[in-house]
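Okay, here's the structure, questions in a sec.
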Amino acid sequence: MKIGMIGLGRMGASMTTRLMRGGHDCVVHDQHPQVVERLAALGAIGTASLQQLVTTLPQPRTLWLMVPAAGVDALLAELVPLLDAGDIVIDGGNSYYPDDIRRAAALQALGIHHVDVGTSGGVAGLERGFCLMIGGDDDAVQRLSPVFKTLAPGAGNATPTPGRKPGSGSADQGWLHCGPHGAGHFVKMVHNGIEYGVMAAYAEGLNILRHANMGKHAAEVDAETTPLRAPALYQYEMDLPEIAEVWRRGSVIGSWLLDLTAAALAADPGLDGFEGRVSDSGEGRWTIQAAIDEAVPAPVLSAALYARFGSRGQADFADRVQSAMRHEFGGHVEKPAHKAPR
Amino acid sequence: MKIGMIGLGRMGASMTTRLMRGGHDCVVHDQHPQVVERLAALGAIGTASLQQLVTTLPQPRTLWLMVPAAGVDALLAELVPLLDAGDIVIDGGNSYYPDDIRRAAALQALGIHHVDVGTSGGVAGLERGFCLMIGGDDDAVQRLSPVFKTLAPGAGNATPTPGRKPGSGSADQGWLHCGPHGAGHFVKMVHNGIEYGVMAAYAEGLNILRHANMGKHAAEVDAETTPLRAPALYQYEMDLPEIAEVWRRGSVIGSWLLDLTAAALAADPGLDGFEGRVSDSGEGRWTIQAAIDEAVPAPVLSAALYARFGSRGQADFADRVQSAMRHEFGGHVEKPAHKAPR
Amino acid sequence: MKIGMIGLGRMGASMTTRLMRGGHDCVVHDQHPQVVERLAALGAIGTASLQQLVTTLPQPRTLWLMVPAAGVDALLAELVPLLDAGDIVIDGGNSYYPDDIRRAAALQALGIHHVDVGTSGGVAGLERGFCLMIGGDDDAVQRLSPVFKTLAPGAGNATPTPGRKPGSGSADQGWLHCGPHGAGHFVKMVHNGIEYGVMAAYAEGLNILRHANMGKHAAEVDAETTPLRAPALYQYEMDLPEIAEVWRRGSVIGSWLLDLTAAALAADPGLDGFEGRVSDSGEGRWTIQAAIDEAVPAPVLSAALYARFGSRGQADFADRVQSAMRHEFGGHVEKPAHKAPR
Amino acid sequence: MKIGMIGLGRMGASMTTRLMRGGHDCVVHDQHPQVVERLAALGAIGTASLQQLVTTLPQPRTLWLMVPAAGVDALLAELVPLLDAGDIVIDGGNSYYPDDIRRAAALQALGIHHVDVGTSGGVAGLERGFCLMIGGDDDAVQRLSPVFKTLAPGAGNATPTPGRKPGSGSADQGWLHCGPHGAGHFVKMVHNGIEYGVMAAYAEGLNILRHANMGKHAAEVDAETTPLRAPALYQYEMDLPEIAEVWRRGSVIGSWLLDLTAAALAADPGLDGFEGRVSDSGEGRWTIQAAIDEAVPAPVLSAALYARFGSRGQADFADRVQSAMRHEFGGHVEKPAHKAPR
């Protein structure tokens, strides 16, 4: 197919490249001319404006937006007046699904299809393929199936799921029409919420292993600090890169995120290249909001999100409140921080 | 009664003073001679050694230990050989209750009584009285009741509990024989676990109020950070000292800890005198251990404890693990910390 | 003052009564005529319709709404057309503060003042007074000060906060103008979020105490269940009513919620009259939403909220997912539930 | 090698079978004669007593124990008197690592080696191989390396970790000597702690997806329940089996546990075959204990553990405490449980 791609950042560029490798013609645009040139050098048709992009595409057009969630409304305000009934606009970024519902309704009034595609896979997706979670009307999704097939990983080397009838749908090829407008981003949102939880689980476990030598540190005896009762139980110097490595083979917790962790630890065993300020990009927050709206407990996913907030110093005032209370009732004075060994 | 008091720190000194005000004779000892002198100036009989303290007390002796939990075994090793059958040793500090069980059995073999007393009230206890949670055998507890009556607050200005028969026990006087050896410290342990949870609840709430102005800060638009969707909803400059103050009158969350918080905020509205490294002193940890042994969920008490660990930088490596994973799968680079406004 | 009161449920009726005791004239209305009659018997002017209520009040009118948050918009749709410029509408219920902002703007266009008042104190407020957290413009709040003074507890028997200049504001009388529109309900929202956390802290602690006898239960030895390692440490039969009672005197965790807990336990030591399905009414959820919008960690408040969701069976499917996984990887079969002793 | 295997449950039988397939001679024993016969039919040398097992093995002997953690001490009490200096006892079950340290010291006094092996892989390990985390002295581990090589998966189809030098250790073959006595079970303990967290992350996410249709349910308007503000946002009927399936291809959260989840959902989309009482078997608890001893936050792993406790009704009394409080301050009466749709 001939497809317009707007937004050529890390993800957009990778997806364009994979589409071209799969035989699709890509007409591309980005605010930054140099990334357009880079893709053009790989075979894409670069354009200097949205206007030019739109006129270059045959009708009905297929336009894939791959821009930050916060930039979608501004982009649509500029783009939509250039489009015609029958065109399809795909939002492949990380939009909040209520925005999909709102935008789809607005576009539908103009006869334009809106398709939301939650896209997972990161920078590795160029080679591995991207996992696609799709929301929208059947016709549009059907029209786009060649694109989805190319972007998705296919069955790959994942073993068939026992008990599942092969060919009963596209999920085992790595793309799925999840439901009406917003369903794709809803599923992707929850996917990322889970991702936060899984990442935090590994992180907490590795932190516990890292401190398994704490019995070697001297303990003080005062009323403020309870000394470790059994220092003899914490005398281990754990080799975290090798532990992550061994878990990749046959253990219950093998996963792609563990593969990545092993790689990161192999390259930098103490992870000294990181400060530990963990970003979060919206989906994790919206997942909690959905859980609360649904009155469904999500303690693990919430704890993972809060750990990210905390890693950026956002608990600071709450901590000071507690130190202030302790000073009030017990005359306790704060002690200098016990620096974590690095 | 004539009572020996060993350990004249913040708590020990206050309790000795309250006992003397209540008409008891106190024979005191501490590693630091100057604190012995200070109490002697208030009427106590100061002693220069454990030996002197023991010989100064009439048999059967009553000895109240008020030392850090980590120092009790060493103290008993020195003290017990000086004692006789019929003596009572009271551990009024924050010992771990399994230690009580162990020590009580060892002392019992010598005919010496062990009584564990969890003591709450902090430095304010001198005037308010101390809440006493007591474990041990009936005879010893009975013998000590004059001491408990003096140390405890009495009914004070707490209203009688509707539905409770007055005079049905000493709990409404602020002291309670909770059960056999260890029961006092067990109840005190859980008391402190609850205390951590309550403190954290206020702290989190005040932190949310403090950031109610965050819509005034500029938001960036990139794929790493989701901008606040509705900045207009976060335009409040909350007066935390006055909010804590108003909650003290008639609200559901009125409490002594809130009183203290209001006092701390009145003195230092931004709590700039604190760094936010919150100590923890054992009971909070043991409470979680008990919950886990009992297979009882304690998510709130655990979260409160972990917030203290996190305030001291102990999540650092876990945070770096997550930043490393994000770099692996998304090429994400850490952003400079968003500094919390102080 | 002459004040119209709409909504005479538990809270509305108590507040009306307290206002009348304080010398105010109350014109009242409710969907249910019998509650109107009940208040009329106490001296209120009962009305049969909003129309009648409005015409009975002198201009500029003062109308206090005390209805469920979900019913406010419908009520305003009916009420506002009957009002005139200069009137004040007070929302004293548990509205979500963004609704206040929206409604205040709509009313402002008509010259009508909107004041949001978060009201805490429960059914006890009739005698204790109500803690009032207020948002709105200065003029309206000023006009209403006689009403606030009557409803609020006044200084009561709460000791003055050390370091706070008496007379520096109304907070020490139990009412506070917290800021512009929505500020009152924002502060009340966070108040309730804290309340959830504090309640859960006590509840978890008491649950741990209740299971302190679990060492008496026989333990099985199989690969599914780890037996308690040290049954001797869990042999306590704790007297929860008396423990709650003793904590009310001099302990660090004394609070009004603890007073209530002691009363509930005195009346029903096993709390057998309750099933343990804990409701939540909005503010706790919105507090978490605010925390997440502000990127502020709220692990304790969230855990408390989720415990309520879980108490109503809302984790059911998540639990089944985990049992299904265990069956897949380990062939584990679920065991019959270990019934908590009641 | 010739190896004695004691304990032929699910895991022990699979491991014995895999060892025999790998050319090792297995002498086996179990309390249940029929499982001994079953393994004998596959080529093992069955024995009727520990005595017979020991005498059948050549010196120095290699004995692999695969029994529940709670049964190890009793087994050793019977077994050790039959052994000789130079023998190796391997504990391949889920023992608590402090027990390893204690037992290893006791055996060392007799010249007997103790090796602790955390074994992961579940029933699938027979074909996939078992991930082995090993603690003990170098000599013994070295002697056992042929056994470990057979049991472990080998490199399998896991891609090499970028940046790791191949051949730099056995971790990429699926077995690792983690450190001195207890190190193997320590690493396995943390592995299982992580496992609990990862499982709960998926479970919570799938639960949120399952309730994405809740906007279709009617909402009530009362003061006890906040109705869903935007029912239109929760109208999705999510196909959980297909969503789990699509996530297996190219997504960030692909994992073996997800593979198992997809299989379970394919077989039983509503998981109606499960009640949702999730067992826990020790390691998850001990992981939290280690975190607390180390003062390392583990909010995700704890939340996962508590969810299991809660699934078995262990929060019941805490829930009733909260309902009792609500009744006290607000006169709130519990509402019938909102049944989760099944």
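Every chain is named by a letter (A, B, C and D) in the order it is written, and numbering of its residues begins at 1.
One rule holds in what follows: a residue touches a chain if its C-beta (ideal position, glycine included) is under 8 Å from a C-beta of that chain, and two chains touch if they have at least 3 such contacts.
Just so it is clear, the model here is predicted, and its values are computed rather than measured.
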Of A-D and B-D, pair with higher C-beta contact tally: A-D
Farthest chain relative to subunit C (centres taken as mean CA coordinates): D
Length of the line joining the C-alpha centres of subunit A and subunit D, rounded to whole Å: 28
Averaged-CA centre spacing for the pair subunit D and subunit B, given as whole angstrom: 37
Sequence positions of subunit D contacting 2 or more other chains: 122, 200, 202, 204, 207, 211, 229, 252, 256-257, 263, 280, 285, 293-299, 302-303, 306-307, 310, 312, 314-315, 318, 329, 338
Touching residues on subunit B, where the partner in the complex is subunit A: 9-10, 68-71, 93-94, 96, 122-124, 199-200, 202-204, 206-207, 210-211, 221-227, 229, 256-257, 260-261, 263-265, 268, 271, 273-282, 285, 299, 303, 307-308, 310-332, 334-340, 342
Residue ranges of subunit C touching subunit B (in the complex, touch as defined): 97-98, 101, 120-122, 125, 128-133, 152-159, 161-164, 169-176, 178-180, 182-183, 186-187, 190-198, 200-202, 204-205, 207-209, 211-212, 214, 228-230, 232-239, 241-243, 245-259, 262-263, 266-267, 287, 290-291, 293-304, 306-307, 338
Subunit B - residues contacting subunit D, complex: 252, 280, 285, 288-289, 292-299, 302-303, 305-307, 309-310, 312, 314-315, 318, 329
